[in-house]
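Take a look at the structure below.
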Amino acid sequence: MDETDQALCAAQAEKETELLSFIVGDQDYSVDIMSVREIRSASKATPLPRSPSYVLGVINLRGTVLPILDLSLRLGMDRSAELARNVIIVVAIGDKTLGLLVDAVSDILSVAADDLQPPPDMQADAENQFVSALTIFEDRMIRILDLDSVLPTMSEEAA
Amino acid sequence: MADPMAEIKASFFIECDELLEALQDGLQLIENGEQDSDTVNVIFRAVHSIKGGAGAFGLTQLVDFAHRFETVLDELRADRMQIDQSLLALFYQCGDVLSDLVRESRDGVAHDIASVQPVLTALDQLIPADEEDTDDAVDFQPMAVSLDLPDLDDMPLTTDGLPPLAGGPDDTAKTYLIRFVPQQALYTLGNEPVFLLSALSELGTVQVSCDDNAVPPLEDLDPEAGYLCWEIQIQTTKDEACLSEVFEFVEGICTLEITTLGTAQPTLCDSIGADLAISPPDPEVAPNLELALPSPAPSPSPVTQATAPAPANDTRREAPRATVRVELERVDRLVNLVGELVINQAMLSQSVDAAGLSANTSVHTGLEEFLQLTRDIQESVMLIRAQPVKSLFQRMSRIVREASRDIGKSVRLRTDGENTEVDKTVIERLADPLTHMIRNAVDHGLETDADRVAAGKPAEGTIELTAAHRSGRVVIEVRDDGNGINRPKVQSIAISKGLVPKDADLTDSEIDNLLFLPGFSTATEVSNLSGRGVGMDVVRSAIQALGGRISIASTPGMGTTFSISLPLTLAVLDGMVVRVADQTLLVPLNAILETQTLSANDIRAFGPETNVICIRDSFVAMLDLGAELGYRAPLQSYVGCVMLLVATEDGSKAAIIVDAIEDQRQVVIKGLQDSYGRIPGIAAATILGDGQIALILDPIDLIANSEWRTRPPSLEQHEVGACNG
Amino acid sequence: MTLQVLAVDDSRTMRDMVRLTLTNAGIATHLADDGVHALEVLDGMPTPDAIITDINMPRMDGFGLIDAVRARTDCRAIPILVLTTESADDMKTRARQAGATGWIVKPFDPQKLVKALKMVAGTSNG
């Protein structure tokens, strides 16, 4: 490999994003792997009163209180089969850490920035707001989740 | 290890804060007419110490301002000036400027000289002309000190790195003859000739001879007197000035002659007085002595009082208590570890219980002691984080001064309970809401001077800021003696903003509490001071985030009081573990007045969906915790449930119904605010012995937000069976 | 023998600076906050080779401390250096009247401080 090739590879590597893909209600979603802190199995959450239905509650993550969102409910889908949903992806969003309950984690993908395309603008589905980009991987359409919009909005409406 | 100078600099800024606090205290004492002879000294010393430290770090602007302030204070100290209201106001302003300069120096921000010009001008006018002429400010040259020191023993006594005092060092070695005749005073003042000779020996090659001709026969010898003199021949590349520098401290209390051998020009060091009567030493008589000279008896004048130290000019003040400065991070680590210890201890207790050991075993006794120890450690650790609210109050005193000046009202701030201690984080996070409340009080609470006089009040308004410990909490109050809340106006604003229905029939207290509603910003009254787009709702959120509550009380024509009630610590809580609808929750123990298992006779139907509890012939509102938190629908029967009687802010009571009380224990508070957000009725969370998270109830907030439904809607036409059954 | 020095100043920053300077020079440093405290510290330590003191301090100032030290038979010969922000000429007279051995002008040059100490208290091997 000569120098030109190396430079080319480096440039390509810079543009590539690594995504953690997972399944929520038969659909493929993904998040930037940089925002993922850990993946763990689901445990019994303490429900939070007066919270939206998609907020499952809080669990004890090594001494800290971790809120858990049921991503399928958050994305406007039905609660899917109980048995399959046993994975929590712990993500950092700004200064908050949150657990997302998903059906299963599938893969880690490297996607070039050029291969990401903006989602088509369709007002009919409210959950479109949660998708920041789309890409095709091995013939499957992968949605890239916009983590900021997943945050429960009620945390801001104090008192 | 970190750079020691950087550490000292950081500690200097901490000290500055303390000194500024002492300065404020002093001014406050003077303002209240409570000063004593030392008050001005204390103020002077504070400014002086800031100047001293600032000089060491080359903070010229700070030094310069502190110096001018100090000069004026010195006039006051010397009774050449009388303090009056305007001078006091100027001093307060100087304190503010000084505090700004300290902060800016710390943050490395350039200071806006123009903004302090009026203060500088005012100060300069007070500095006597003669002092200005001597250009006193130049005397004190700030010097950024570097501490790259060689070891003492390796360091020659040369003045390397220092400007030569006179002339320059000569490369060629010269020989000097030094005659050194100490006077009595030299010894009295604690000098020791041998050290001077030793210091001299480091400048070159020396030959010392001691002249003991003056030593009298033993019977005539005065043990307190010195009889020896020395002659030193030194070969050195240093010049004469370097040599005489060694004798700097003994100049005038000895006879010193330095002669350059060869040129034979005797030089008298400065204007040394007389005492030249000693004959030139005879080299043959004087024995050559090595430097291991026997030290002549240091001989101070006869002592009349051997023990009593000079009376201290002021011993009323307490001796400073020994303190250690510790990085907050270390304390917090300890706090966290102790938190883990508490959880661990709870888990251990649970395992022991599960093991089914009898209550009399030594394991139980040991566990009891462990529990007690854990609590003691925890309390002690929490105390480390506690700080007096004083610094906070002093910041508020500045807010009052600035706000009242801006708006042209005369306002006096009275503070009380400044030594009340609160968790450091609480103090920090209280600054913003309190600032807002104080500005509000100056701006909206108090009337204009003219209006006050017209109402028969003193022109000067008073704001009282107090802190006190009250039943396990800290209560901070902001009270003004203004006109009270204009309730008709508040209500009409709330109606115009659609916050309350037009025809709402509100009690006084309900109207007052409208101020806390989000969106209630009295836009028509937005002023420079408090109209910063923040309303009292933001203040309330900030207080609630600290686990605190805020309430308001107002009397027309008399004034308004805001009370903030805060937990002593943000870290632990004594709670009652309760179960309701299969959920485990904690209720703060200090909120619970009493508990009781309900019988049918205790429950009386009130409205279509509400019940009351009858306790000793009085009726208390009944609240189903499970229903309020949405865990379940109201029950058909509450017989056998447990009631927790709690008192609300305004003194009324309510009964919170739970299924059972499981335990009582101390828990570590884990905030929800940061990870999730605020939940009405919930103060925080904690981790129980089994690792599960339990929510901690905020009973007052729960009651304020409750719906009171304790009967299933479907049964609204009927009596609740269980009550009558 | 390591030199033992008692440094007295009501400013923590100054105490820290003196201590750092002296420690770097291999001198054992004892600290006190004011004159009264210094006399207490003095009772609990081996007689120091020198005392360095600030002048303006609460409770008992530097001059008071010098008086008290000079009045004690066991301590009266201790060399005492005063730290002062005043110009040297004024200070020399006042310090000497008060019974001080030498004087250092603040903000002090660390080398000068160590040198002054050597002149009044010698060095560890001197």
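Read from first to last, the chains carry the letters A, B and C; within each, the first residue is number 1.
By definition in this document, a contact is a pair of C-beta atoms (placed from the backbone, for glycine too) under 8 Å apart; a residue touches a chain by one contact, two chains touch by 3 or more.
Computed from a predicted structure; not experimentally measured.
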{"item": "Two chains sharing the most contacts, counting C-beta pairs only", "value": "B-C"}
{"item": "Farthest chain relative to chain A (centres taken as mean CA coordinates)", "value": "C"}
{"item": "Cα-centroid distance, chain B relative to chain C, in whole angstrom", "value": "29"}
{"item": "Euclidean distance of C-alpha centroids - chain A vs chain B, Å", "value": "45"}
{"item": "Between chain A and chain C, centroid-to-centroid distance (C-alpha), Å", "value": "67"}
{"item": "Chain C-touching residues of chain B, taken from the complex the two chains share", "value": "4-5, 7-8, 11-12, 15, 38, 41-42, 44-45, 48-49, 51-53, 55-56, 139-140, 142-143, 145-147, 149, 151-153, 155, 157, 161-162, 187-192, 194-196, 198-199, 246, 248-249, 252-253, 298, 300, 303, 305-315, 317, 319-320"}
{"item": "Residues of chain C that touch chain B when the two form their complex", "value": "3, 10-14, 16-17, 20-21, 24-27, 33-37, 39, 56-61, 64, 67-68, 70-73, 76-80, 85-87, 96, 99-103, 106-112, 114-116, 118-126"}
{"item": "Residues of chain A defined as touching chain B within the complex", "value": "44-51, 55, 57-60, 63-67, 95-97, 152, 154-156, 158-159"}
{"item": "Residue numbers on chain B that touch chain A, as the complex places them", "value": "340, 343, 516, 518, 537, 540-541, 544-545, 583, 628-631, 670-672, 674-682, 685, 687, 691-695"}
